[in-house]
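Below are two complexes that have subunit A in common, paired first with subunit B and then with subunit C.
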Partner chain A sequence: MEARILQRDRLLQLVDELIKDYEVIAPRDELSYGEIGSSSEVYLAEEKPVKSLKEFFFPDREVLFEYLLRGEEVKLVPLSLPDDTARVILCARPCDAAALPILDQVFAGDYLDPSYLQRRKSTLIISLACQHPAKTCFCTSLGGSPAGTEGSDLLLTPLSEVYHVQVITERGRALVEKYGQFFQESDEAWERERALVEAELRERVTKRVDVEGLSEALEFGSPIWETLTPQCVDCGVCTFLCPTCHCFDIQDEGDPGGGARIRLWDSCAFREFTKMNVAQPRPTHFRRYRQRIMHKFRYYVENFGKTLCVGCGRCIAHCPSGIDITEVLNRVRG
Partner chain B sequence: MENTFLPRLMTVESIISETPDIKTFRLTFQDGGTERDFSFQPGQFGVFSVFGQGEAPFGFANSPTRAGHVECSIKRVGKVTRAFHRLNVGDTVGFRGPYGRGFPIEEMRGKNLVFAGGGIGLAPLRSLIWNCIDTRADFGDITIVYGARSTADLVYKQDLERWVEMEGIHTVLTVDPGGEDEGWKGEIGFVPAVLERVEPSPESAMAITCGPPIMIKFVLRSLTEMGFAPAQIITTLEMKMKCGVGKCGRCNIGSLYVCKDGPVFSYEDLRGLPDEY
Partner chain C sequence: MSGTISQPAESEGRTVDGAASQPQEITQKIQEEARRLLRDDKGDVVIGYCQAWDDEVVSPCFVTDGSQVGKLVFNEYCYHNLARYLVGCEGYLTSRFRTDEEAPRVALVSTPATLRTVVGLIQEHQFERDDLIVLGIVDGTPVGIEPDVTVGRIKVDRDEQERVSAELQRLEMMSVSERWDWWEGQFSKCIRCYACRQVCPFCYCEQCIAEENQPQWIDRSSSPQNNRSFHIIRACHLIGRCTDCGACDRACPMNIPLSLLYGKLAAEVQRAFGYVAGTDLEATPALVDVLASESGER
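Coming up: the complex of A and B.
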């Protein structure tokens, strides 16, 4: 493992240096990550931001192109790609970073989404290990960790006196070299402490779900689905806050002179999502919730070999009806 | 990098009112491209749009053997389809595609073909039927059973007349009981029942069906009773779609996406999928 050490009191200085060279995004308040103009705006709380990082790659509302209408004629104004200003996301939660390689399967696999790719390409991610996993977190059940490296370029792990900086990618290495004055070499003692800290952080994630053989255990035709979540109000908050949910709608917005075709987040929780004039394949709540669970834990695994969940627990923490996806999964397994 | 969602512009060249609520639009590319940079298979679909009103998927209704333009038939049911019905000749629409998997023409080669269509479900079959007529030597007998609620609801009336007169094609038209008018010379009855009366042989045959979901369900049953194996029966599904490329999340049946892995499926394919269509 390649690693560096960053003195605790130098992190904020590093942030201010980064702000000179990059657009820097960090947790800004309880609600969300956002662009910061100074290190003093970094908001480091025990709880993860309510919203995940996905909006920085797959925005909740995105213009696909604009159109001008002049009588019978239509003029299209193709989308301009997001500018390729290099961005750094700082103090990302490891679960939020881990969601990105999963989303890549959708937007950067068999189909290439130009704006998603551009944003992925221009963004470097420095994650910060979670010191206080919430009681709703279950990342360790899904191959993650409060100090997981998946999807990150660098990972900061707070040790007793310093930050341990794990170099995960070439881009991450280039960054620690560019700002070499902030970092020193790690040594065996620091590495040992880091391993102990990660082991301890993992212990703090107490919620578990058994995903071994889960995909095969989920049966579309099981009668259990109808009994699982009668309290659900189909609000869709679980899907919007989920870092991996990615269903979208396409709509036109505008006036008689012109407008834009836009892509918007959508949700399988909504009745309208699949409703046609001639038929409705998912007319009842249980069918829609079954789709959500089957998509995440079976269909996505079949199509991409990955589970569409990182165990961030937002869907549990923010559900107005108290639905816990881990309990649902355990019940479906019987 | 190509932006999948940026449509090509097409001009409405002609509009045919097929029935009180179905119109067929003949469209040509404004950038002049057709054979050169655009081809499709019967059974595939495009996502068509009226700017300011939105997009919707429609199957190709014309045959690629008569290309140079695109035809789609649209039933007035919702916001986008109403916008299409308000269009005039000369107006501009958006198009992207072709998308999906078309009919398995290679597999059909040399076989007798049985078409069972209902209402506007004849649209994708029409694309395939003309394709087969234009390459007639590649196929055996052709039987067409087509029906609608009433004589006024029959689409492609000019085509129907030609198919009835064409040699080597057995065309049977029907309307639901009570849907006939004076002078109606066709059958009276639902498509599955008429199909059973026609009784095409399953020997070296393939059956292709499209229509309202309830009709498809009973046609599948009738064909099975006549001895057609599930692999000999082909249908095409309709689902709510937005993206057309398997990403937006609404048209999946199990892990398959109707837009990408369909819309054409064999009955054998369908039997292995969750019953959610």
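Coming up: the complex of A and C.
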């Protein structure tokens, strides 16, 4: 493992240096990550931000093209890529970072989404290990960890006196070298402490779900679906806050004189989701919820070999009806 | 959360003594009634609350079997307006996915705000009084319905009322443009998840204007302008109907203080028309009354 050490009191100085060179995004309040203009704006709390990082790669409203109607003439303004300003996401939750390689399967796999790719390429991610996993967290059941490295370029782990800085990618190494004055070499003692800290943080994640053989256990035709979540109100909280849910709708917005074609977040919980001219394929609640579970834990696994969930627990913490997806999964497999 | 409505100390026709029941007593009473209804075949489903994933989280639950009765609970976290599950295209009393003959006999655990909501839904002809067995929890505030069984008495959350009222006063001290900016700031947080609408018993429309696209009244994506349109239209549709239960406020993941908006509307309706939603089953709803008199029908 390649690693450096960053003195605790130098983190904020580093942030201010980064702000000179990059657009820096960090947890800004209890609700969301956002661009910060100074290290004093970083909001570090026990709870993760309500919204995940996905909006910085897959925005909830994206213009695909614009159109103008002038008399008989229609003018199309094609998609312009998001600007390629280099961005650093700082103090990302490891679960939010881990969601990005999962989203890559859809937006940067068979199909290459230009906007998504541009944002991915121009963004470096420095995660911060979770010191206070919530009761709703279950990342360790899905291959993650409060100090997980998946999707990050660098990972900061708070040790007793310093931050341990794990170098995960080439881009991460380049950044550490560019700001070499802030870092010192790690040594065996720090490495030992880091391993202990991670083990301890993992212990704090107490919610579990058994995903071994889960995908095979989920049967579309099972009668259990009808009884699972009658309390669900079909809102979009779980899907919109989920760092991996990525279904979208395409809508035209504007008036006859001009407007835009927009890609926006959609949710399988909505009654209108994938509604077609002839019918609504999932007219009742249980069919919609079944879609959510099947997509995350079966279809995605079959298509991409990954589970469409990182165990961040936002869908549990914020569900207006108190639904716990881990309990649902445990019940559905019997 | 019953907002800023000033209410008489006693409800009409029933005196509620000052002693509030302990949550365990209410839980016990709900369980007793549920067991009796299911055992005597007087009801098919009891809609109540059960413990969820944490001590401070409950979940609406639907008990159809005597063996499940033990999971019903009542405590301070039971703020969901369960009347929501009665109506709409999949509602227990109005589902279009079954015939009238298949309609279940429903018993509903109802907090004071839920009781007022039931009144409103009956006034709006969503169902009849006799279609529902009401297991009521009262707090001395007026509710326009006599529960079939009163399963408990709770205290009004005065602290919360005062908090909302102080916050409203603060907003009212602002200039119009300051207040507009403040609400713009709140609505700009909206992610259009529609949790507010989905938990609301009065948002039972099968086709919400937010999703209508011929014509498209409100653009679907989340932008300050679109969000503002959605929230203002929803508020207008709930004037004089909202019972200020606070479910939308609590459901909002982005902490938009919808109670302030709806508390204000309820207070305005009371000020202008002397009407408090859900307190009198026989009353003509304020908006109906006004529209009828303006069109000369009254």
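Criterion: the second predicted complex is superposed on the first by the 331 of 334 C-alpha atoms of A that agree within 3 Å, B and C clash if a C-alpha of one lies under 4 Å from a C-alpha of the other, contacts with A are read in each partner's own complex, and residues count from 1 in each chain.
The criterion applied here is as follows: contacts are C-beta pairs under 8 Å (C-beta built on N, C-alpha and C of every residue); 3 or more make two chains touch, one makes a residue touch a chain.
Every value quoted in this text rests on a predicted model; they were computed, and no experiment measured them.
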Partner chain(s) touched by A:Ile224 [first = subunit B, second = subunit C, both, neither]: neither
Touching partner for A:Thr136 - first (subunit B), second (subunit C), both, neither: second
Partner chain(s) touched by A:Ala86 [first = subunit B, second = subunit C, both, neither]: neither
Subunit B versus subunit C as contact partner of A:Phe240, first or second or both or neither: second
Which superposed partner A:Arg61 touches (first subunit B, second subunit C, both, neither): second
Which of subunit B and subunit C A:Met276 touches, first, second, both or neither: first
Per-residue touch tally on subunit A - higher for subunit B or for subunit C: B
Subunit B versus subunit C as contact partner of A:Gln251, first or second or both or neither: both
Partner chain(s) touched by A:Ser321 [first = subunit B, second = subunit C, both, neither]: second
Residues of subunit A at both interfaces, subunit B in one complex, subunit C in the other: 249, 251
Complex contact set, residues of subunit B against subunit A: 1-7, 9, 49, 51-55, 77-78, 90-92, 94, 212-213, 238-240, 242-243, 245-255, 274-277
Residue ranges of subunit C touching subunit A (in the complex, touch as defined): 52-54, 57-62, 80, 84-85, 89-90, 97, 189, 191-195, 197-199, 211, 213, 216, 219-223, 247, 250-251, 253-255
Interfacial residue positions of subunit A with respect to subunit B in the complex: 64-65, 67, 69, 72-74, 76, 78-79, 106-107, 110-114, 117, 220-221, 246-252, 254-256, 259, 261, 263, 266, 268, 273-279, 281-282, 287, 291, 294-295, 298-299, 302-303
Complex contact set, residues of subunit A against subunit C: 30-31, 50-51, 60-61, 135-136, 230-231, 233-237, 239-241, 249, 251, 253, 262, 264-265, 267, 270-272, 283-285, 316, 318, 320-324, 327
